[in-house]
Amino acid sequence: MTVTYDPLQVSGRVLSNDRVGAYHHLTVVAPGIAERTRPGTFVAMAVGGEHTGMLLRRSFSIYRTRSSGVYGGTVEVVFAVAGKGTEWLAGLRGGDILDVIGPLGRPFTLPRQPVPCVLVGGGYGTAPLFGLADRLRERGCAVHMVLGAATETRLFGLLEARRTSQSVEVSTDDGSLGVRGQVTTVLPALLQRTGAPVVYACGPMAMLRAVAAVAEERGARSQCAVEEAMACGVGVCMTCVLPVRGDDGHVRMVRSCTDGPVFRGDRVLWDEVGTVPAGTVGAPGAGGQR
Amino acid sequence: MTVEVAGVRYPTPVMTASGCAAAGRELTPFLDLAAIGAVVTKSVMLDARSGRATPRMVETPSGMLNSIGLQGPGIDTFLADDLPWLVKQGAQPVVSIAGGSLGEYAELARRVGMAPGVAAVEVNISCPNVENRGLVFACDPFQAARVISATRRGIPKDIPVLAKLSPDVTDIVTVAEAVMEGGASGLSMVNTTLGLAIDPVTLRPALGGVTGGLSGPAIRPLALRCVWQVYAAMPEVPIIGIGGIRTGFDALEFLAAGASAVQVGTSTFHDPSSPARVADELRSELALRAAVSPREVVGVAHRPAGTSALRAEVSM
Amino acid sequence: MTVEVAGVRYPTPVMTASGCAAAGRELTPFLDLAAIGAVVTKSVMLDARSGRATPRMVETPSGMLNSIGLQGPGIDTFLADDLPWLVKQGAQPVVSIAGGSLGEYAELARRVGMAPGVAAVEVNISCPNVENRGLVFACDPFQAARVISATRRGIPKDIPVLAKLSPDVTDIVTVAEAVMEGGASGLSMVNTTLGLAIDPVTLRPALGGVTGGLSGPAIRPLALRCVWQVYAAMPEVPIIGIGGIRTGFDALEFLAAGASAVQVGTSTFHDPSSPARVADELRSELALRAAVSPREVVGVAHRPAGTSALRAEVSM
Amino acid sequence: MTVTYDPLQVSGRVLSNDRVGAYHHLTVVAPGIAERTRPGTFVAMAVGGEHTGMLLRRSFSIYRTRSSGVYGGTVEVVFAVAGKGTEWLAGLRGGDILDVIGPLGRPFTLPRQPVPCVLVGGGYGTAPLFGLADRLRERGCAVHMVLGAATETRLFGLLEARRTSQSVEVSTDDGSLGVRGQVTTVLPALLQRTGAPVVYACGPMAMLRAVAAVAEERGARSQCAVEEAMACGVGVCMTCVLPVRGDDGHVRMVRSCTDGPVFRGDRVLWDEVGTVPAGTVGAPGAGGQR
């Protein structure tokens, strides 16, 4: 509904682009974006160069920002090569120009009280949690992290997590590091032990859904950053929707770019993502625009 | 760079395209709504619509497919919230309406016709007619004309009614003639062309809605051809050119082919400042050719080679 | 990877597209003509044709416009020189014919029908009918069907006649049904879609022929949609998919949508080895999905989600 | 009709890409092409990278080749930035990969006797003349060059011409170097002085036409390398045609990629390029494929 922050469109210069395990860590000089960034927001990057056939921007959670420095403010993202756009991004070298819009979307909501918090990241989904952790600590919240991935090389930020968090738990599907299993294998006990009333999560949809369910069972709130295919990233196209129950109890198809990417876990109809659930406001439409 | 289209004056010839700018609000960080040609709003229907299931888009070479399904709040919310907001911003609101039956279009027209501040009404006729086996109005000259006359009746005389045509027809000139006879004040050309993509994992259609509308630079030659054909047949009819416009030169192509103004759609997703940037670039393209106003180039591509004064000024 | 289309077996499902490989000779430095699916030759007319004035092409985003005007040596030279050469190479020649009247198609068919070594005849019906105000045969189901029956009569029973459809129609299924009733053995889908571009210097149409045919990846979603619609209506009809195919996955998309084979056109201009390379890539795409033959994926996109065994094998 | 040489398709590595006056001098490692190159043939380069919206190759005359070297055989071209494809080429750096097809087309025909020859180059059109000059000298022909351009910076290869040719004349439209005027301002006297029975020319169409006319007037033969927009470069698309009179006296629309780019100047209907002259074989076509 509302644009929380005024995003900027910046033609930035790439400062560095390094491999980190299975991921790429990209730093771009993008003055002005850092100052506006709050944890959980994202950037949308133009890919492919001027005469590309790829029209749509690619979205990435903001990993870190620096408001200034020798080169001016920077934005950092961590990404996996998933297709042709990220492949192009992976080929960027220092000095190349990159068009960035950000910050976009709504950030994680921070607790008013200094409560213990659990932060769950799946794969590169850990990236936006470090900025969140900083903010939480500033407010006196104890930060416990859970990092999960398919395999060890797909974990991101383990050392950083260990350095900065009260506790860190790790799960991998193949057991190559930490507990063999999913983040939800370790989450219930951690919630129990820490008594955390809130869980923050970023990662694949299946993980978010499972985390939201565990949180709900334990009476904790969850804040989940989702990833839906976005054509515009700024709220004008209506491609990025998912079914979310509003304060009024009604389910609506809600834009994840402007109303998200962070949603309350108990509000998303996880099982019905990819459908228009019966009873959604305006459903089922008879006919309509293709 | 003001232009007049069907009796209404716009600050520039470059507007947003319906469905690619919502109701304008989200673009305010990137451009000044009052300074662009017009804000053509997302097609609104009578009632709130949830739209289609996701995935709603697929990127394609120099284009994209979308299958939104006209998600929207319904006309009353639109008229209560979005339109007054746009008017307050000083924007030129062109209200796009869409219906599933003649009655729905008529009712929409009646309500929009009573709202203050509407610059023009654009009628999206690329909708299935629930009373005619779901056939798209725009693909049948007779039905298309009926929708336009039903709409026209509800709208005050001084507000132009623009018929938005689909390129997916054997003969676009026939449809254009029909809607003009039905009472349209001008034509918006074109809507998306129907396309499909296959998902690499499921090998099923990639869009939730199976087929979707293809847009972006990929379709520009097709859209330009439609404008060219209709202008050639009816040079007196105001045309707004739409389809794959990304730069000022692209906009110029449409003017030369016969459009009096243009709309920028998909390009906005790449660069949300597009409608303003394209106007700036068009200004330079015109200056380069020593054209004092956009009017001067409208339809110039139809004049025999060598008869236009514009050519000599260019050195490219 | 052999496939059968309308009773003829081809070494691979990937053929050249008419007008994008001449009569094969010029591609020999880049691929083995005998190893590709087929060489679909440039549409040939009864008499020699000079074609149109230049410029004959414009590059467009992910596509191009062409206006060649069917330049060629005429059927007799073709049958005397090009066809025997192709046969000698061990290639599968699919002969494309084009005419301006029913009589011309009939006469072409008669002569092609007597020539040895023809694998199939493809009928390019995207030509103006000089006996019907220059209206394009392919845009009128009745005329399209008449051309096909006139052609069919001249061609021996064991040689399939493929009707090549234009996407520039309101309802492609109707045209498909008509040509099948007219006696077509299968469908080649699709030809180029009509487009236009403006020259930046003259501000006149950039092509000598004013409008031209748009081809390349830009039109792939449109072509796929046509194949999807026709297969959905007539799953038993053999379809050869054409339009913007550049990679093995693109070819797979067409198979999944309902094509039994594909043709590669514009991509050949970028990479003259395309017809062979796309086949290699298609082989990998099939292997990735544990499909033993191309047949297995034909039309798979139409089956309800989850009913195909192919899905589980992919990990992308 | 016939493909004179077997072209190769090579994924080459850029060795260097330098500015030379108004032009760019690009050297690509493309093993195999050098051995097949004869003066007047050209290469077609893919532009824009893998996901580009630019489908068509760009053609360039071959300036020089080396059959081998530390890096393997190389091909060199000289080009002007004309639009988006050449702009992209201008941005290439050493180490970048470039897809090259060549050599394409028919070369200049060499005289059987060791006669004096005049070589006329307009702008970057001089580039292919140096290889030709080498071959001519090998056969004992005296080489005289005329270089023309709009202005001094658009002349290419003047020093090289001076170093290697018997005589060099220069014309510029603006008189910034050499004679003010066109190459045809100096050509008649040069033909007279040298008694050259053949003129070789490469440059803009208007220049070729003028050169062919001067040659014809003086009873000399001309060999002109033309530049027509090409979609395929290999002879399959029929976009690159121009009207040429054949040995049988008939005018045909002839492909400049495979039957050219070098044509006998007296055979091209220069005044009617861009049209289908009345009387052309197969003209006027009634209707036809768009």
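First chain written, first letter: the chains are A, B, C and D, and each begins at residue 1.
The rule we apply is simple: a contact is a pair of C-beta atoms (placed from the backbone, for glycine too) under 8 Å apart; a residue touches a chain by one contact, two chains touch by 3 or more.
None of these values were measured; they are calculated from a predicted model.
A.B. asks: For the pairs A-C and C-D, output the one whose chains share more C-beta pairs in contact.
C.D. replies: C-D
A.B. asks: So the centre of each chain is just the mean of its C-alpha atoms; given that, what is the distance between chain A and chain C in Å?
C.D. replies: That pair's centroid distance is 46 Å.
A.B. asks: In whole angstrom, what separates the CA-based centres of chain A and chain D?
C.D. replies: 55
A.B. asks: Roughly how many whole angstrom separate the Cα centroids of chain C and chain D?
C.D. replies: 35
A.B. asks: Where the centres are mean C-alpha positions, what is the separation of chain B from chain C, in Å?
C.D. replies: 33
A.B. asks: Do you know which chain C residues sit against two or more other chains?
C.D. replies: Counting only residues that touch two or more other chains, chain C contributes 61-63, 194, 211, 216-217.
A.B. asks: Give the residues of chain D touching no fewer than two other chains, as numbers and ranges.
C.D. replies: Each of 53-54 in chain D touches at least two other chains.
A.B. asks: In graph terms, nodes being chains and edges touches, is this line, ring, star, complete or other?
C.D. replies: Topology of the interface graph: complete, with all chain pairs in contact.
A.B. asks: If we count contacts the way the header does, which residues on chain A are in touch with chain B in the complex?
C.D. replies: Spelled out, the residues of chain A in touch with chain B are 3, 6-9, 46, 53-57, 99, 101, 228-229, 231-242, 252-253, 258, 273-276, 280-290.
A.B. asks: If you look only at chain D, which of its residues touch chain A in the complex?
C.D. replies: 48-54, 84, 88
A.B. asks: Which positions of chain B touch chain D when the two form their complex?
C.D. replies: 61-62, 217
A.B. asks: Touching residues of chain D toward chain B in the complex: what are they?
C.D. replies: Spelled out, the residues of chain D in touch with chain B are 53.
A.B. asks: Under the stated contact criterion, what part of chain C meets chain D in this complex?
C.D. replies: On the chain C side, the touching residues are 19-22, 25-30, 42-43, 45, 47-57, 59, 61-64, 66-72, 74, 98, 100, 124, 126-130, 134, 192, 194, 208-209, 211-213, 216-217, 266-273.
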